[in-house]
């Protein structure tokens, strides 16, 4: 139990003015590790699976790296003007026991755990792992909340039909989610898309399914604020899921990832993008594709930890 | 022979939806390795020489790193709206057999190989190595195409007269090219110049020879699009050579280089700069100064590979 | 075609006194890349699969790293007194097109390719990838040569029954090979076993199946030469397969691997161990578990390349 | 004694067109190392202390890394149009002999050395070390020049009262300086503040003491030039001290630091910020928090060296 | 609560055949994190303090790195023939809340925590941090057990009187322990001493106080077994403390440390040295000086984790 | 001027018990930097040239890295029982101003500087740079001392006739030295030779010129002491030069080098080898091929610094 400005709360970050941040074991934002969901509003859940990745692996160590980087987080978010841990009881669940060599078995394990969490009315903050893990999470969240609006921030659409004849990879995840009716394309948007494409029709095909596609080019031309307005209008009211692939950010800001794509978001743009989505009704989040073996100076993990802090702040705002 | 949207072409990238990108041996963009120029339009040529460098070495491993990073490239360039490999037959020649301890012998080897390529009507895409390799390439290209317009994108002018009493280094290359009449200063421009200078006259002396010098400061003030217009006007019609030193980009985006200079181009600016030169008549390109021992997360090499992809797209556009 | 002391052979390393080693694209030992098996005696085959690994991934980049490190190899092996490339035609096949998210599909791909190679009478030199790839290779080799003697050099027995309820991982491979009748335990030996164990019966259970288990402790006490004699006696005459997991070597010598185990072989011991097996009848080899993201200074890959060179030398000797 | 465009000056950088930059031993900007202050105007002083840091250590190797990175600096600053080493005699003092385990003893050592320097009328250019070293430097500078205007460029306010019940850390330094009357809040400003905060009052409390606080957000909205105007107006006439914490820059630009904070200045913004302060009356500078063990490709150190070059240029301008 | 071969024990490692090792949060050997000492026999305690180090810092991240590396440990120690976690209830206490800028305050914090542990009859397994932390630990242990025999395995004697006029550093720790009567030199021994020395009398002075000094040279000449016999005879019966500085091992085996000294123990020798001390009466252990920023491939941390596993095994043996 | 056990000597290391080792600027062993040879007995000279290297470059930063690593050295060598800096006045000359793109011009610069040093009766301790620098050093030393005995410790013979038609590379240096009559093969020996060879005659041809060749294999079989005896007998009386290529050591101990060769010396063997040559008449030394971009944890540089310390100790012994 930590004492903070939130008084004697069970779920509160350890005070970094009292004990140094580097005292372990490391949990997200120095929050209590707990598998007991009693009293928890929001849960940081690691899913250390990288079996769905088609280029550089390593995201199985993503949750651990994000935990270590999150030690730097503090209590007050001056941009959204909220002290999230004073409003929400947040705990670190630890990691789901994935099966590294089997995406099917891993999906089952994710479904079991996230299902329980969802059934307890707790909002999941998922930390990957590669992007393939979003599918079973979406399935559980939509089981409770119905067809979801999806805000997908990523360099890539992840709407490929298959890789190497496999239906489940980190590049097929939103095609599957669409086919399985988990997401509502008329309320969904892909943001930050860029780089060379497999074909000239990749974007238009996605749009023809009902999704909006906001390319990096378009973000640059119109500015983050305009884009946030467009996203908010597209999504509108109703349960919304946000999935953030760290490769939405430029490799200069997020080198530690599997399929780096040049020409991406700066850290300031990424933060502003999230902060511009304050009024929406979020029911789940994921942050994926942090690959520590390719990171250095921990800068990718520090960015990821800060993005998750914005997720929590957005949630806290909606409760306020 | 690879099957792709270009049909059964002899020179086509392997399909990354069928075989994983990380299956080797690695060639540029997963294109066929070929020393037979029959049917080839454009040739990726590595020149792994770093004997001309005055600070950090390592660019001899540049072509290998760019090949590995280029595995991520896909078929369609949505910015220039072109599928370059459907228009041009591109092959990977491999590397020229340089002589690491002798810049003179290396120049001779480069001349022999690039000469043959040029004589076959093939457009060279050269990947260094340090900037000193541009001189013999320019010599062969201008032998066929006459005095060339030069677009030189770099943090540094590379117009020094000599280093340590040596006429040939990576910092003297365009003074030599000018003196040898390979480039036409009235159609040539140095772009991205920045940082502290050897003297107060460095830039004005270069301008007095007829070159335009567009500093980073000027790019920032006026924007990439204005600058691209100025370059296009300066260069006008006629054979044009583009030389891109990766240190034109900021060390945050391109740490893996020999003489890093702070305050440079972002990756988005670098890409936009190339895409803004679409109408010119290019007869050769080089991308130099990628030094893998100082890179991390391969981000410099990934950026370089994408810039070369823009070169090929520009060429394809002109053929379209 | 390369000219060497072997005259004008089709399959011969490029001469590193004539062209620098760092000229790419990189193939194993600078040998020709070829998918045409005509005239080939021995084939370097990369299997870049790491989907079977239970701790640190990354071995999908193993073959590429071993190729780059192998550029340092030369023509004459003074320890075994043989010029292997003058005796055997060796080519680099490139990598098998694995399916990163599916061990079953990968096994099928391996079987197809290695099956063809085996049927052509070519001896495979397989470079992983994680240890799970040995199973389909063993299956194909034993299809032609019958039940095989196995010399398994590794820190770990890899005789686990299952991980996370999965039958196929890099730690179950030799239990499966035993169960499927691919290897003959009465002629087989595990060498270099060390570290903490899952249970007190791990070694005795393996021995009770007929295998010899030579621990690192026993190697240290008795010396490499004695151990080689014991292995040779155990294996005797008949088709023999050698599988070398780089983590048999101490992390100081081979940091770039997935499950590092302290207290292992030095590089000198590893080389001596292979050289002490000269008289055996080898029909296949693999070298697995090189994980470049955890390597540095390329030392693990350089060691692996040299061990494969010893494999080739052993084969050449038997042909001499 | 070096020959340069400044003629035969005792204190002048070695000529990098004559001797390569990488010839050691390394001093700042290849200037002479001297402990004799005779004839010196400005002194580069390393203070390799990291005992005040609350997260990642390593800045004790900061001065050495900045020296190595500064080898790339040249003679002319085209932005401020000044050749600083032709105007000022600059020397490299070397490092102060700190006491790594005692911040109190280190403060005493700093006071002794900087005191002597100040008493000699030499302007100190201090290179840390962590930010805690600024306190004794400020004390000595204000001893001579009276209460100072402070321009503090940093991600963090460093106005914490105590960490772990300690009064002296790198996060309390400007609260102490304020309490000890070394700085005049009515002429002082914190620039670049960002990230999550310890409490909702952190900024307003600092403002209530008289300081201006210019957040990163505000810089982004109003632009560097406007901000520079505001700083110049706030500071006005009189002795001014500039303290630059490298973590003011984004981790993409300055990964090698102890408490990285996402969303910071780009290198271009940082340079422009300094260049916009040309008319002020500077009496001392420090550049702190470069931690080489977390740097890569030396990019943080290269940026730091360039920022110090701007400090010297600003000083030279004021003498011109 | 984990199920293992030890049945349903409260304190038992998670089963790595059931859940992957890389599932976090990470604790030592995947043991439960607990601050409740009820039922605990032995406690892993991190002391992340590096304020006493005189060269490279970073050991404040030592406990975290050792935890991550310890994920690879298994249940049975085949060398000492013991399943330590079946005999001892071992928990991970987490880290003591040190004060990074004050060695005195840190000593007080250590005393409080370790004192409570000792008073509960729990044997501490301390993981540094730098070597200065051993002093307050020794103080608490000797408070309960009386003057201790010390087995100090290290490249350096750590018997310096002062560094920079400071009494407490990582190099003075055993002089202080001697002066304060915590250790009995007639039962104590320094093992592994090597490298250049401050003076010709360093070793003889230490011996004249009653300590044995067994240099690396002597270990090499006489062999580990002989040396273990000598240590056992010197120490004899009675409470014994073992302090292992990871720099006792050669930098090839343990690069991640602050004052690397060439010519050290191999990993096999280090393990054998510990295993040779089985019959002694241990009342406390520490493993210090693992500095992750200088480690790579985690090899230093993996070695440290294995050495601590041997500590636990030695303790278990004595309970058996 | 430093105070030490040697009293008030002009040339003496700074006292690391008084000022921390990490206070810069860094010189070898914290000795004074001096270009004035007055009173100097022995001079550390950096030659930062890597233009002769045929694989990985980077040794131009070798002297700087060795200086930083040498900060750890202390005053007394307990193995040779000598305090070298009390007997010899040793200074750090700094680095020779090489010409990175021209081996011929570099040779001239080396000859000038080393010639002056030799003519002043000072013994040079040369730190490379790649092995090609030994040739001009040998020329100057033999100009004064006549034909020299050479002790060449290296993985490679460096007796190649030419690389890529070039006579001067790091692999041809001793063939040239032999041809130019600088060394006397009847008193010279190559030690540590190993790895695959260019041809079956490489060793026998070298032996036929009169050199002894002691392979790594032979060292392992016979032991360091026997080998030292053989070297001492071969060399006998008269002027002797020792050249140590760091790749004589195994890549585990010396990863930071250009052509790593597995199966080499351990650090203990390397040290013992030097210490076993105490009675010889040394007139010059070099330590070459330390390449910092491929080093990590500075372990290669630390080893190199210690080997040079043994050189100085050997010299001091001969003066004693």
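Order of writing sets the labels: A, B, C, D, E and F. Residues in every chain begin at 1.
We take it that a residue touches a chain if its C-beta (ideal position, glycine included) is under 8 Å from a C-beta of that chain, and two chains touch if they have at least 3 such contacts.
If you're wondering where the values come from, they're calculated on a predicted model, not measured in any experiment.
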Chains touching both chain A and chain B, listed by label: C, D
Contact distance in steps, from chain C to chain D: 2
Remotest chain, chain B as reference, centres from CA atoms: E
Reference chain D; chain at largest CA-centroid distance: C
Equivalent interface positions on chain E and chain F, same or different at half: different
Chain pair repeating A-B, as identified from B-D, D-E or A-C when over half of the contact pairs by residue number coincide: B-D
Distance between the centres, which are taken as Cα means, of chain F and chain C, whole angstrom: 37
Euclidean distance of C-alpha centroids - chain D vs chain F, Å: 40
Chain C: positions in contact with at least two other chains: 18-20, 22, 54, 60-61, 97, 99-100, 163-164, 250, 252, 266, 294, 296
Touch relationships between chains, expressed as pairs: A-B, A-C, A-D, A-E, B-C, B-D, B-F, C-E, C-F, D-E, D-F, E-F
Complex contact set, residues of chain D against chain A: 54-55, 160, 162-164, 195-200, 202-203, 215-217, 220, 250-252, 255-256, 259-264, 266, 294-296
Parts of chain D lying in touch with chain F, wherever the complex brings them together: 18-20, 22-27, 33, 46, 48, 60-61, 63-64, 67-68, 92, 94-100
Complex interface listing, chain B residues touching chain A: 5, 16-22, 71-79, 81, 83, 250, 252-253, 266-268, 271, 296-299, 302-303, 306, 309
Complex contacts: residues of chain F adjacent to chain B: 50-54, 56-58, 60-61, 97, 99-103, 105, 132, 163-166, 168-169, 293-294
